[in-house]
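There are structures below to look over.
The two complexes that follow have chain A in common; it is paired with chain B in the first and with chain C in the second.
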Partner chain A sequence: MAKWGFDLLFQGQNLSRLLEGLTLALYISAIAVVLSLVLGIILGIAQVKGHPLIRTIMRGYVHFIQIMPQLVLLFIAYFGLRAFAINLSPEMASIIVFTMWGTGEMSDLVRGAIVSMDHHQYESGLALGMSSRQVYIHVVIPQIAKRLIPLSMNLITRMIKTTSLLLMIGVVDIIKVSQQIIETNRLASPNGAFGIYLVVFMLYFISCYPISILARYLEKKWRI
Partner chain B sequence: MKKILGTLFALLLTVGLVGCAKQGYRSVDDIKKDGTIKIGVFSDKHPFGYVDKNGKYQGYDIELANRIGKDLGVKVKLVSTEAANRIEYLKTNKVDIILANFTVTDERKEEVDFALPYMNVSLGVVSPTKKVITSLDNWNKNDKLIVISGTTAETYVTKNYPNIPLQKYDTYANAKNALENGNGAAWLNDNTEVLSFAKSTKGFTVGIPTLGSQDKIAPAVTKGNSDLKKWIDNEIKSLNKEDFFSKDYDKTLASVYGKEYKSTIVIK
Partner chain C sequence: MTILSLEHVTKKYGDFTVFNDLDLKINEGEVTLIIGPSGSGKSTLLRCLNRLEDIDEGEITFHDAPIKSETHLRENVGMVFQSYELFPHLNVLDNMTLSPRIVQKRSRKEAEQEALSLLERVGLKDKAKSFPHELSGGQRQRVAIVRSLCMHPEVLLFDEVTASLDPEMVKEVLDVILDLADEGKTMVIVTHEMAFARAVADRIIFIDGGRVVEEGHPEDFFTHPKTERAQQFLQNLTYKRRKRL
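Showing the complex of A and B:
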């Protein structure tokens, strides 16, 4: 037991420090997820229905976000913006970057879901005497939402997992705390990394698995 | 929409201009006025800068950081940095000083300003007490020297002693186990590493405590911040007078490296 470093968890505040790190990571991703979903849906619709100029700008933005590694974006927001006298805290920089990233990805998902909707769905609705508004509320949006659920849940879990990059700009997240624990006890338990990272793995799993379950449940419930 | 874009653009421009006008780093007076100094340290490098089980920063570098704050009469905000981003923190003035076991090199001198050094590092060799190796010259061809891949130790021995057969490992834990199991006659690594190993493992002795070029560890400030650099230089001079680093060694490093190596590590 001691050999694999599980005992390190119960020394001092170690376990609660790990949980604090996890809470911080989840807190940052939760704010970013909520903002991304709202902004992503609005901008996704704008990508299909908006002014051609807006559409072009949005396409460029989505490409930019998809091409840039998240770590580079984090460095730009945290270190780079300092050149413009903008001094963000690591947490604030993380939320901004994750929201920009999530919004870009989400809007692309929304755009895809809208475009993939067969045109006869609109026409059939209109032919039945529904107004354009009614067609959207009763026919189009429910189907788009159904298509979006698995995709956006996947995005959310990806955002949670990517918080492991935040330590590079000084956020003391769960990974950083585990490194601190492992290194502090490097001489006493050189294999501590195994036990600690196994626990970290389980904590990430516990955080992400309910989201997958929820996605599956909603998919089943909203099956038409 | 156009209006919003225009406003945004104007805002960015203003922010940009303000940014250019502002001098980046903070002088000693700026720091005193603010009441807090930001110091970048390691949070996972035992025993120099680490976080103990209760979440408190501890270590040799941390003692100095806290003392600097005390003598400036300001609060100390410790910032957790990584080896790879220490220079960025100074360049962008996210911290005032880096005290993260920062080795002075010529390359780094072009990007940051180093104050007076407060610690020595070099390589060292540890071997079984039964058969202590005190020199790498006249190496027995049948013996193997253990090194960790990608370290300065590996580079040094490949360059200076190309005839010594090496046994390479990827991690600290593997190299340590290998030496204990007798897979090599000795282990070459940073002297702090081999000293702490010999101290914590029975039957092993450091036959060569210093090898190769001596490197210095020093506080670093943003390039051009001569005001703060001068203050730290004076601080280190006066701390040396009162034997601060010797006491710091006794408090944080002696239990890891042993008292007898104080003069090897601490700069007098």
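Showing the complex of A and C:
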């Protein structure tokens, strides 16, 4: 055991520090997820129904977000903006970048779900005497939600995984804490990296796997 | 008595005129068959009758009065489409009772009772809790028909309801429509099934190029079409081999 560095977990407050790092990462992604879902739904609808100018801008934005590596966005937000005397805390910069990214991806999912709705569905609602609003509430939105929920859950797991980049701008997340523990104990426990990162792997797995299982379950259950 | 009528109706798609100054009366208890070559505007005509299509000129009247609102018209003029357009997220019973509940504000219990008796009539009572994807094409169309009936429409429109069905399922759907005809339902039907058209129709309307070319009793129309265009059309539906060994 000692050889692989699991013992490091139980020295001092290492385990609780790791968990704190994980909590911070999950906290940042939770805020970003909530903001992304709300903004993504609004902007996704705007991409289909909005003014042509809004649609063009949104399409450009979605492309930009999808092409840019998240790390570059983090660097721009944290280091780049200092050129304009904007000093964000690492956590704030992370939340902003993750929200921008999540909003872009989410709006694209919403747009896709709306566009893929068969217009016959809309018409058959109208043909039964429903108003346009009733068709949206009772026919269109429930179907879109069923398509969107599994997809947005996959986005959530991707966001949680991507928090592993946050140490690059100085967020003391779980990866950063692991590095610190490994560095501190380099001489006493030269193989500590194995044990610690295995634990990190497990913690990420425990955070993401239930969401991914649930997404798969809902996808199957709601397959139309 | 005329329930629904088109008066001097013109419909265009951009520069293309689908029909021009068209008149059509739908009488109570009558089964009107609209037939004609593809692209002649049959489906568009049908869709104008419940205002799923806007019209460019003319007027649609319901019981000799201008229509109150599109939703009011559609509540009274039901429509069944070619594509299976049941709501996939709802089971059969909920598909049927959704509109009676939210549009006509009927109680769930009463709407479900009626839905179940309609399902029984078309032999699908055991499918009440099934979802559309669990049904065959023919079953879905039968549900779509009774879903429309649940709204108590005065007129029912059928837009090529058997066109995307496997041949062995066509009869089960058409039998339901024949049954409704016997009952005296007012219906307007667009179909390619000529044998069915001949059997079910009280009146045939043959349209081509956006005009009513010929109108009449089905037997007269199928045995002695008056116009050359109709003769030609009917000839294209029959096959003859020139030689046989």
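Convention: the second predicted complex is superposed on the first by the 213 of 224 C-alpha atoms of A that agree within 3 Å, B and C clash if a C-alpha of one lies under 4 Å from a C-alpha of the other, contacts with A are read in each partner's own complex, and residues count from 1 in each chain.
Going forward, contacts are C-beta pairs under 8 Å (C-beta built on N, C-alpha and C of every residue); 3 or more make two chains touch, one makes a residue touch a chain.
Please read all numbers here as calculations on a predicted model, not as lab measurements.
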item: Partner chain in contact with A:138 - chain B first, chain C second, else both or neither; value: second
item: Touched partner set for A:116, first chain B, second chain C, both or neither; value: neither
item: Partner touching more residues of chain A, whether chain B or chain C; value: B
item: Chain B versus chain C as contact partner of A:13, first or second or both or neither; value: first
item: Touching partner for A:126 - first (chain B), second (chain C), both, neither; value: second
item: Touching partner for A:83 - first (chain B), second (chain C), both, neither; value: first
item: Chain B versus chain C as contact partner of A:56, first or second or both or neither; value: neither
item: Contacts of A:176 with chain B and chain C, given as first, second, both or neither; value: first
item: In the complex with chain A, residue positions of chain C that touch it; value: 50, 52, 70-72, 74-76, 78-79, 81, 83, 85-89, 98-99, 102-104, 133, 144, 147-148, 151
item: Parts of chain A lying in touch with chain C, wherever the complex brings them together; value: 118, 120-121, 123-131, 134, 138-139, 142-143, 146, 222, 224
item: Residues of chain B that touch chain A when the two form their complex; value: 1, 12, 15-16, 18-19, 22, 24, 43-46, 50-55, 79-82, 84-85, 88-89, 91-94, 172-173, 176, 196-197, 200, 256
item: Parts of chain A lying in touch with chain B, wherever the complex brings them together; value: 11-14, 17, 51, 54, 75, 78-80, 82-87, 167-170, 172, 176-177, 179-187, 190-191
